[in-house]
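Here come two complexes built around subunit A, the first alongside subunit B, the second alongside subunit C.
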Partner chain A sequence: MSTVQRQDLTIFNDQTVLSRALLSGTSHDMMLVSSTMSTQPVWLLNALAESFLFGKTTSINSSSDNSRHSHENSSRHVVIGSFINDSKFYTNSLQRLKIHSTLYTVVDLMTDFVVKNHDKPRSKLLGLLVERFTSPEMNSMIIIDQPEILLSLIEGLTCDELFKYFISPLSKRCNIFVVSTSTEQFQDHDFEPESTEFVRFITKCLYKSIVQLSLNPLETGRAKDVTGSLRIARGGQLTNHLSVHVVENEYLYLNERESIKLFYR
Partner chain B sequence: MASSAHNPSILLKRVLSLTEPSSFILCLDSVSQSSSYLIEELVFNANKSAGTNIIFVSFETNDKPEYASNFIDAENMDLAKIGQLVKSYLPSSSETRRSKNLVIVDSLNCISRSHLTQFVSSIASPHATIVATYHKDVPEVDEHGLENYPSAVELLKFISTTIMNINPILPRSLDREELNISLNRFRMPRGLNNPTFKLEFTNRRRSGRALSYEFNVDTVNHNYSIVMEAGTEDGVVETPEMLQDLATFNLSTSAKQKEAKDQVALPFLEAQSFSAGGAIVYEYEKDDDYDEEDPYEDPF
Partner chain C sequence: MSFRKRGEALNGGERGVRTLPGGRPLVNRAIPSAGNASMRAPTDRMTALNLRGRAPPGGSVMSDREPHVVHPAQPSVEQKQEAAILNHPGVRPSPVSSHLVTSTGSEDLDKILTHMGLPLGNSLLIEEQSTTEFNSILCRLFTAQSIMYNRAEGASHSTGGNTHLIALTLNQDFAKELPGVYKGSRKEMKKSKIAEEQSKISVTNLNEQKSTPSRYKDLKIAWKYKLADEKDSKNAAQRKETENEYQHYTSQFDITSRLIPAPSSAEITFISPVQPVISILSQIEQTIKKHPGKLVRIVIPSFLHPAMYPPKSFKLSSTISLLHGLRSIIKKNENNCVLLATLSSDIISNLLRVQIENLFDSIVNLEPFPQEMLQFLEAVYKSQPNKVQHGLIHILKLPIFSDRGEMRVSRSEWAFRNGRKRFEIEEWSIPVEDNDDSNTKSSAAAEKSHAHSDPNQSSKSNTKISLEY
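Our next item is the complex of A and B:
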């Protein structure tokens, strides 16, 4: 694999990961990142945050710290809210990329969630969660990590309520809204009543997104030189309001300690 | 001139341009081919005549589309309020001036089955065409007490006047089985959600007869090519062989006779093209004996 040419990550036809066109208007666009246990999406979320702030990604196909953003500033802001990792986890990974701490906010949504919120009505609780995302509406990106966990954590919560009180209000608070979700446990679903809400959630995310970035392990099993595949495919929403369109592609990637290597499939 | 009832492409074009009266158009889509391109095509055709009032009722769209005259963010509203708002943007039912009004509902999936028909009737108006999308692949929630109630798709199909079932044209590298496996794993395959797609089009006539056709719709060039005639709604396509030996006289029609039949321009279709009220079209023939002084002979 070492002789195979590495590729840059591009999602839009202007050869960018996040096109400037996404920020030029007042639109609120959603992107879906889906992953499994063995193909964790943190590197991809970092790359999206990096690209949003600086217009380039140094964490992909680069092993040296020299090219990273130690002195760069940006007028943009990223907010990351996670239901699966604490704030230290994301702070550490963004610090490793030398992104200045004023350019991002990490909201820890998980710690003591049940203890603090067990007696609150569903709509009020979700409203309080939304209020914790204090980002400027323009020039901002919100990344939300595994919000589907709320369907299990909040008794009686439906997919429609989750969208109505949490996903939709958040998506209107920023230019680019990224939902990261784990799909493994609902794959090859048989529409059991308990899984219906999860399936509805992911399917609705696909309809609302302009693009899906799906991380999956190799179908052929584990390999030393490939961690998994990244597929870029169009979502249910059109990009007619933008001057760019999504370029569908599939990459193989290798997750190493210091960087990510991408190859064409 | 072939009549629109016999020319499927013209019938589709008339429905898309809101010329053919159809009060409720149901779009059935899936993640592999969402209804977005079809809605854009409908708006393109409807907007050819200036002054089309487009009301967009949004349950899942964040931003007001450029073409929408009015945008209703319906996700946080109760259904009665949405009905009132839509009505306030439409001309009153007693108004006689005819204008084109289009109500687009981006998704009906979050409305419970027990309220679906009520909601559709609350936004319906004699002056408007409702175009609503229902996502076929979003599973329905089991509602207590509605175990024996029809499914949402069945209900919507029953009340709709036109059904547009949208399917993707699969790329060569993908077959139906692979597509299902990928979508069951929530992995969108590449090459879907294209501006060109398959459309199963069913139009219910006022007589109650349903005409079904399958098209390949190209929304870039606005070209609709028929794939096959699906026949009537019950799926039985009448062939000349079926009529043989049923009687001692000839019941079937030859290809030449069929062609000649399709060429006949039916007068009632011409009458429908008048935009203002009803009108009597009468063409004098050479043997007509018309007396100008007799008031009862004046066909107008």
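Our next item is the complex of A and C:
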């Protein structure tokens, strides 16, 4: 029996995950990673960070740790902020890839968020959160994990306010801005009046991003040899200012014991 | 020459405690000066090595007089707390990862979580569809297990035990409704008594143990069966060893009995959920700080139950703020803290449910069978009523694996059955009706249909039935 051929992850037409063209100008581009409860995106966010720092992703399709980045250095910097996981979660996962700790910063937006911020006005609070991301404007990437949770945590916060005071200022602080969001509530396709702001948030992210990477489980349920599908689709933002374009594609992937394998669908 | 009577025990029968005639103990009667120095050193070392936090007997009496000497190799407070958790009877390593786990109180639930328990620093949400209350059983088992840890052998009672439970509920009687430990049926009790007697060292018992099984004497047994016997006994011995190692890890409870004595305020702290989120979170944090080195298990029974929670609690900002704060506390105290919450998923909106699920590390969903299905199962298992399952249990998220991005959702793979002594979870398969039954049923149905078509035959069939009766 022949083994299924593994595929490298490519997003742009120059056969790269993150093209150098994204860093050549002064543009600020946004990418959207959507996931569900059963297909969490940590491995994909790590792969994007790795690709941004070193121009290659060794965490995907590699079986040994030898090829990882223990001695590699980079002039670039990644900042990861999460509302759902603490800093230890991302630090551990990046340490496993042997990425040197000077190349990334993890902003813990979860620990004591409610206790410290319950009495602050909305715009001020969002401004303070933006200030915690101290990255150089050039050669940097910001990954923000589940910012939509702010719509639940801050009473009365609207999608427009979230974009105006948080998402847009952050996206201007880096070259590549990655928003990771959960689409679990849209799986059933029955929207309730309260979910309007969440729907608007996702829609706005789709329009503002140049590419959408969506992780979904198989529609047929759990399988032993496939975790889910990774679909790459163009976002609403034009890529005329770039010399490359997004190649739409779909992969099947297997995430097992911290190794990721990609296959063509 | 001694004037003491022959049968009289020295020290009044008590080791190390000398009493005055009035019954008062002799305090601080240690040998002074030089003698103390030689005795002191091993005592200090023993205190340092004592992982479960138990003070050696008499240690406190001597320390009153001694100058406080800090040894360079003495473990710090954090190390001591860590060691206390490592030696906790309710903590063991996960067989699938390096994480420390604690039991949920249900052995089968521990198994389907794949870690043989809930990893420390993680949370579990038990959802239930429809109006049944199976989740409350699991919640009580979790609570009762916490109390059992506290009362287990080896728990240091001088520091108030090794486990503390925080219950976020208005129901103060919750502690009185906990199930007691299952002691076995009458037959089992008798058997255990006999086994206990046999395990005692006596000449007859030793002779019996050494002797070969009677069937070896009775007939010449094939060599391969003998080997199988030996292999089985070896396996049993290994299993027994593992059981002995974690003998207090999971207790078996009898839900028809009550835990006696009921948990005291030293074992359980009640926090009202009907107060501002900030004060709930600060109270929980204070309680955890009050119990350093202890395993802290937080339980939220019937979260968002309309009888307990006011309408404003159902607001997204209120619920999510509370759970986000709790998640933060659990992750901050990841070495000694776990959370279990139960929720009836039918009473909340889809959006709120998804947002709540997002904040838990593991989720299981109970789907009780409808009445028709139960009737069908009862008919199938007519001769074995104990085999009738009560519903399906779906796994939506597994601790650690789901966070890594592994797809661990399994729907309709497991079924549960709530019994007096166990909440059983087993692999689900649709039972098949016996052919005989179906044949008789079909023949009966056929007869009935014939009866409708041919009135002459109806009298015959009726006669047949009457004869059968």
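By definition in this document, the second predicted complex is superposed on the first by the 257 of 265 C-alpha atoms of A that agree within 3 Å, B and C clash if a C-alpha of one lies under 4 Å from a C-alpha of the other, contacts with A are read in each partner's own complex, and residues count from 1 in each chain.
Here is the rule we use: a residue touches a chain if its C-beta (ideal position, glycine included) is under 8 Å from a C-beta of that chain, and two chains touch if they have at least 3 such contacts.
Keep in mind that this is a model prediction, so the values were computed, not measured.
*Asks:* Assess the superposed three-chain arrangement around subunit A: do subunit B and subunit C clash, or do they fit?
*Replies:* Because the two structures are overlaid on the shared chain, the partners are seen to fit without clashing.
*Asks:* Does the superposition put A:255 against subunit B (first), subunit C (second), both, or neither?
*Replies:* second
*Asks:* Taking the superposition as given, does A:8 touch the first partner, subunit B, the second, subunit C, both, or neither?
*Replies:* neither
*Asks:* Touching A:39 in the superposition: subunit B (first), subunit C (second), both, neither?
*Replies:* second
*Asks:* After the superposition on chain A, what is the angle at the C-alpha centre of subunit A formed with the C-alpha centres of subunit B and subunit C, rounded to the nearest 10 degrees?
*Replies:* If I round to tens, I get 130 degrees.
*Asks:* Classify the contacts of A:158 with the two partner chains as first (subunit B alone), second (subunit C alone), both, or neither.
*Replies:* first
*Asks:* Once the structures are superposed on A, label A:225 by its partner contacts, choosing first (subunit B), second (subunit C), both or neither.
*Replies:* So A:225 meets neither subunit B nor subunit C here.
*Asks:* How far apart, in Å, are the nearest Cα atoms of subunit B and subunit C after the overlay?
*Replies:* Minimum over all C-alpha pairs of subunit B and subunit C: 14 Å.
*Asks:* What residues on subunit A does subunit C touch that subunit B touches too?
*Replies:* Looking at subunit A, the two contact sets intersect at 188.
*Asks:* Using the touch rule from the top, collect the residues of subunit A that touch subunit C in their complex.
*Replies:* Going by the criterion above, the answer is residues 37-44, 84-86, 88-89, 110-115, 118, 146, 149, 152-156, 182, 184-185, 188, 190, 192, 194-195, 198, 215, 217-218, 221-222, 227-228, 255-256, 258.
*Asks:* Which residues of subunit C touch subunit A in the complex?
*Replies:* For subunit C paired with subunit A, touching residues are 277-278, 281-282, 315-317, 320-322, 324-325, 327-328, 331-332, 349-352, 354-355, 357-359, 363, 396-397, 402-411.
*Asks:* So in the complex, the part of subunit B that touches subunit A is made up of which residues?
*Replies:* That would be residues 31, 34, 36-37, 40, 60-63, 65-66, 75-76, 107, 109-110, 135, 137-142, 184-193 of subunit B.
*Asks:* Applying the document's contact rule, which stretches of subunit A touch subunit B when the two form their complex?
*Replies:* Per the stated touch rule, the residues are 26-30, 34, 158, 160, 163-164, 168, 171-172, 183, 186-189, 191, 193, 196-197, 199-200, 202-204, 206-208, 212, 214, 216, 231-238, 240-241, 248-250.
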